[in-house]
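Dropping a structure here in structure tokens format, bear with me for questions.
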Amino acid sequence: MSHNTFGHLFRVTTWGESHGAAIGCVVDGCPPGLPLTAEEIQAFLDRRKPGQSRFTTQRREPDEVAILSGVFQNDQGIDVTTGAPIALEIRNVDQRSKDYGDIAEKFRPGHADFTYWEKYGIRDYRGGGRSSARETALRVAAGAVARKVLGPDITIRGALVQVGPHKVDRSRWDWDAVAGNPFFCPDAETAHTWEGFLDGIRKAGSSTGAVIEVVAEGVPPGWGAPIYGKLDQDLASAMMSINAVKAVEIGDGMEAAELTGEENADEIRIGSDGSPLFLTNHAGGILGGISTGQPVVCRFAVKPTSSILTPKLTIDRYGRETEIVTKGRHDPCVGIRAVPVGEAMMAIVLADHMLRHRGQCGS
Amino acid sequence: MSHNTFGHLFRVTTWGESHGAAIGCVVDGCPPGLPLTAEEIQAFLDRRKPGQSRFTTQRREPDEVAILSGVFQNDQGIDVTTGAPIALEIRNVDQRSKDYGDIAEKFRPGHADFTYWEKYGIRDYRGGGRSSARETALRVAAGAVARKVLGPDITIRGALVQVGPHKVDRSRWDWDAVAGNPFFCPDAETAHTWEGFLDGIRKAGSSTGAVIEVVAEGVPPGWGAPIYGKLDQDLASAMMSINAVKAVEIGDGMEAAELTGEENADEIRIGSDGSPLFLTNHAGGILGGISTGQPVVCRFAVKPTSSILTPKLTIDRYGRETEIVTKGRHDPCVGIRAVPVGEAMMAIVLADHMLRHRGQCGS
Amino acid sequence: MSHNTFGHLFRVTTWGESHGAAIGCVVDGCPPGLPLTAEEIQAFLDRRKPGQSRFTTQRREPDEVAILSGVFQNDQGIDVTTGAPIALEIRNVDQRSKDYGDIAEKFRPGHADFTYWEKYGIRDYRGGGRSSARETALRVAAGAVARKVLGPDITIRGALVQVGPHKVDRSRWDWDAVAGNPFFCPDAETAHTWEGFLDGIRKAGSSTGAVIEVVAEGVPPGWGAPIYGKLDQDLASAMMSINAVKAVEIGDGMEAAELTGEENADEIRIGSDGSPLFLTNHAGGILGGISTGQPVVCRFAVKPTSSILTPKLTIDRYGRETEIVTKGRHDPCVGIRAVPVGEAMMAIVLADHMLRHRGQCGS
Amino acid sequence: MSHNTFGHLFRVTTWGESHGAAIGCVVDGCPPGLPLTAEEIQAFLDRRKPGQSRFTTQRREPDEVAILSGVFQNDQGIDVTTGAPIALEIRNVDQRSKDYGDIAEKFRPGHADFTYWEKYGIRDYRGGGRSSARETALRVAAGAVARKVLGPDITIRGALVQVGPHKVDRSRWDWDAVAGNPFFCPDAETAHTWEGFLDGIRKAGSSTGAVIEVVAEGVPPGWGAPIYGKLDQDLASAMMSINAVKAVEIGDGMEAAELTGEENADEIRIGSDGSPLFLTNHAGGILGGISTGQPVVCRFAVKPTSSILTPKLTIDRYGRETEIVTKGRHDPCVGIRAVPVGEAMMAIVLADHMLRHRGQCGS
């Protein structure tokens, strides 16, 4: 029962507002003895960092992470986790002293401005405060720790698979292409299409939605805890908790509705190594809430950001009708930077389930 | 941290296997003083009960629920909740002594048979054991209690909106139509189409997927707890925990990916009663994880059941390649009976968030 | 966050009122593959059963437990746990139809009657309802499962060490004596003293407090999770949750206040087997919230029951001053039957910590 | 399920090692709109600060707390809580670069050195690392927030009631005396005795145990959640989680064992204000795990610190027998500084239960 904590045995608690003094997280329950440095975490943060292309916000957020606890030098002179809580912190540096007037008083349609106000009667409106996507930097940082827990045999990779109406061509899927364009796009040709599309969005001061796919390979069968600690359930929870996410799919997702039982059946053979071999993966690597040993496949849809240049009808906090235009540095497609965030949440869910499975079943 | 518990302040713990002695649940944290009888719960169970048409399994499951604790007669002679845990129990009566041979030894492709075996090394295969959809009867029972917590001002209704490739025509949506066909279909004309389609599926010993939509009206603004106790996050978790669900959508769901910021913005005016009035509801009643006061809209996709008459390649528990055909009494479309289950999970999530909000914010 | 659940990975949820239809519990998170029968659980329940001597209540509570889920026959024909929740249930048989008049209306001084009424505005007064010590039968049942998790290398034994002002002579401590008297007394001579003392209490319609000591041997070093999941913290929580308990001690307990650092230091040597050997055990087997490998020693004090024959001043639920006398079948010393309850809670705490330790640290 | 978090709706997660870069905590679930400044928190920290007399450690720990999140200026220009997590942080300044040699290699008898090593295989030995009592500064800081939640009508006060064998004379109890001596002693005459006693302990390089009593007045009846969320259970958990605590008592505590039912009964009358009036308070303000409305009384015993000048037999981390002497700046009686810590834990438990009660029961 915690509003700002995710996970059970591997737990992440985040804190901080977009334009406050700092943001941070506490990673609790991490196994001891895992090598961990700030540099390793920083590498993941840098993938999410804004301003790396003209397609993401031009805010300057160096996002330099510090490890404040939970790591200690072992006898070999290597910094390793101690089993104590790992505190990660990012000091804010881009806190321009500016006039937040409009946002302070008015609610952006489609934004949490309104609901925070309704719930709490007070809100830190600066840069979105607690509801800012800046919080997702901490997910990425915690996800880097989670990857350490999972070890090198589990690979977690994400890609942007749709921007607005434009989907990737899965026949051209190439994981190596992901790093070769500013969109984490696994299909170089589609990346080219997106470039033009997003330039139009950007110049119009508009925004667009997107779909992200995250795949985890190497997950052994048996992780996940039915009935209410299902692996897919926790993935759904994890991904839906990311800002702006409106849908989560496992395996065939919504399209499973259109399948027949014959089409949906992932038939099983015995592979050359003597272990079970599935002929297809409609299930996305999860059956009955438990991993099958196949790749775990999760997708989520991100809505377009509500910060746009077109005036929109709204009200202010005094209950008066008005209009709002959001100026400033925006993300034409927040879905781009959601890719490393989705990877991180996959890692966090898997690390938690690895420990939970080991707790109950002993391996 | 509980594998078989859902919720925090309003908590539901379920137990039992499909063909065991009984199934049951414990509803903990219920406010005291709410009138509650077994008959009221039974009414909801009866909506989910199998065998009510030729389109659901013909198994006889009377599903008679008993309240074993947590209710006591007040001074007015009315049975009310006491604040103590409410134990609900359904004794199993249709436990045919039969040969489970094939299912006991082989794994149905697309079924949890395989993963339970991999995880635990032992499984109660009778009728699907713990992984059977029979467990969802308890969700419906607990959901009936949750509705009592929410009170009469909150209305929760579900409908089947897609069967296989056939979607309802939303222009013909009529909540009153839902009770008038065996599919919980809000569009009588589409219900007719489904009848023909499902007869075909049924006669072929096949199965099909479906999509369910659940809408909660009357939810006040302010429920939901960011960042990791978001209302939509908990709905995603709740719905994905239902058997066979592969995707969850809030509001526009996957289609949000195709929208621009202008299209997605739910503009706000002041209504004639002086309170905020949203002109659209792309958000599905949730912004930043907190309810807006608009209808909360959630959809989920259900895959086709793996119990089909067509032989499928699989392996047995000794690692030998084989084939399997599932005979017996099946649901051609498990999505039908998932409608009351989805309603129940919506009620459970909302009841939990009502209490959580009251705990932190005092009303 | 659960009012009626104890534990984290090994979790026990209890339900039921003293004179309701049944009482029960759900044991969740149990590792799979452990042999478990109702008979084994019954053996522990029988040790707690009332009416076994004239020193405990003469109520007839056969307390016959049934396992309703979570156990299945393995290939060897042995009933083993499946990893699914284990539902245990005891049907109530001694529900005399009687007039509860006085207790229904008045609050017994020193009893939860008053506080349940204040909290909930409704209470099941029959036999104490939810606040009855009858609930502890379920702890004993769940404790029997916990012992299976711990395995045969961990021994948990309890003893009554003080009744009213009369303490056992520790120089005469003999575990084998515990089963030889109706008090679980490890000192036969003191048991004789208690017999006379308690006959006096009993005949006077009075009651007396007591102290129970529980010792777990064979616990490996390393269990317990600082800072807020300390082993001693969870033992304190577990024991204090038992009805009528007013104090919990670990190791030297309250007397640690009188020690100097020199006296308190449990010096360490290397034993003949090469492992650490403590020369004393003031710590009661726990340092920094983590087990040392020494016996874990816990004591708790039980107050006298409030059901006595002497009239006491009180008020009724209408706020009127009155007197109360509690007739009926009472325990002159509820501490006697608290011995198996304390053992059970020790087992539950240890089982939970075993799984938690394995989850984080891998063994 | 969190190793470093305490509480449910009002939750405190702490992190940090004694000689690391910083220590901190995250207070989650705090109601919005409560005025809160670092100065107010600092006032409580200063009461716990070491070096205020010759009877506590002479380490310099300014313990300056910063609020990094969760507070925002309201329209009246007052900093108030926002409902978002409150991050509190204390940077470490007294990290002498020194040789930790002996402590790095050897285990102090009676200290967590040994168990951390056994559990994790790595430990930050500098100043006790995570097991240092320095962590309790964060409890005090979080307790200051908890007091804000409870409001001015609830008074929480602590006192030292025993040092070594010397108990206060309760007939001379005077809360005003507590601030008038360096021991938080409510009995000026006993404080004089302690002064001499502790000078002896201090000069001998020895240490002594102590007993702390914490009393909360103004707690309304009805807080606490049976069966496993009892108010006394959570107090026992809270107090036992404090470093060096070996026993917790509620009301009469261990002495309840010696009482008869007649003596223990807290008789009830109707007070002049028409509300229930208890004639005694053996129960310590809690019956059946729920507050009665009387003062909540809790005591706990603290063992003497293991850092003493007398050589003690021990082993080192290589399993070799050796001796250890702990030089440096020690607390002759750690119980003194445990008084504000105990008060803080009482406040945290009560704040959590206030919100939990409001969640379930609505007020």
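Letters A, B, C and D mark the chains in the order given here, with residues in each chain numbered from 1 onward.
We take it that a contact is a pair of C-beta atoms (placed from the backbone, for glycine too) under 8 Å apart; a residue touches a chain by one contact, two chains touch by 3 or more.
Computed from a prediction, not measured in an experiment: that's the story for all the values here.
Undergrad: Count the touching C-beta pairs: is A-D or B-D ahead?
TA: When the contacts at A-D and B-D are counted, A-D has more.
Undergrad: Report the chain whose mean Cα position is at the greatest distance from that of subunit C.
TA: In terms of C-alpha centroids, the chain at the greatest distance from subunit C is A.
Undergrad: Can you give the whole-Å distance between the Cα centres of subunit C and subunit D?
TA: Centre-to-centre distance between subunit C and subunit D: 27 Å.
Undergrad: Measure off the straight-line distance from the CA centroid of subunit A to the CA centroid of subunit D, and report it in whole Å.
TA: Centre separation, subunit A to subunit D: 38 Å.
Undergrad: Could you put a whole-Å number on the gap between the CA centroids of subunit B and subunit D?
TA: It comes to 45 Å between the two C-alpha centres.
Undergrad: Do you know which subunit A residues sit against two or more other chains?
TA: In subunit A, residues 1-5, 8-9, 14, 29, 32, 83-84, 119-120, 130, 226, 356, 360-361 touch at least two other chains, as defined above.
Undergrad: In the complex, go through subunit A and note every residue touching subunit D.
TA: Spelled out, the residues of subunit A in touch with subunit D are 1-5, 8-9, 11, 13-17, 20-24, 26, 28-29, 32-33, 66, 68-70, 72, 74, 80, 82-87, 119-124, 129-130.
Undergrad: Under the touch definition given earlier, write down the residues of subunit C that touch subunit D in their complex.
TA: 1-6, 8-9, 14, 107-112, 114-116, 118-120, 130-131, 135, 162-165, 201, 206-211, 221-230, 232-237, 239-241, 243, 246-270, 274, 276, 279, 282-284, 286-293, 301-308, 310, 312-315, 319-321, 335, 356-357, 360-361
Undergrad: Hey, which residues of subunit C end up touching subunit A in the complex?
TA: Subunit C reaches subunit A through residues 1, 9, 29-32, 83-84, 226, 355-356, 358-362.
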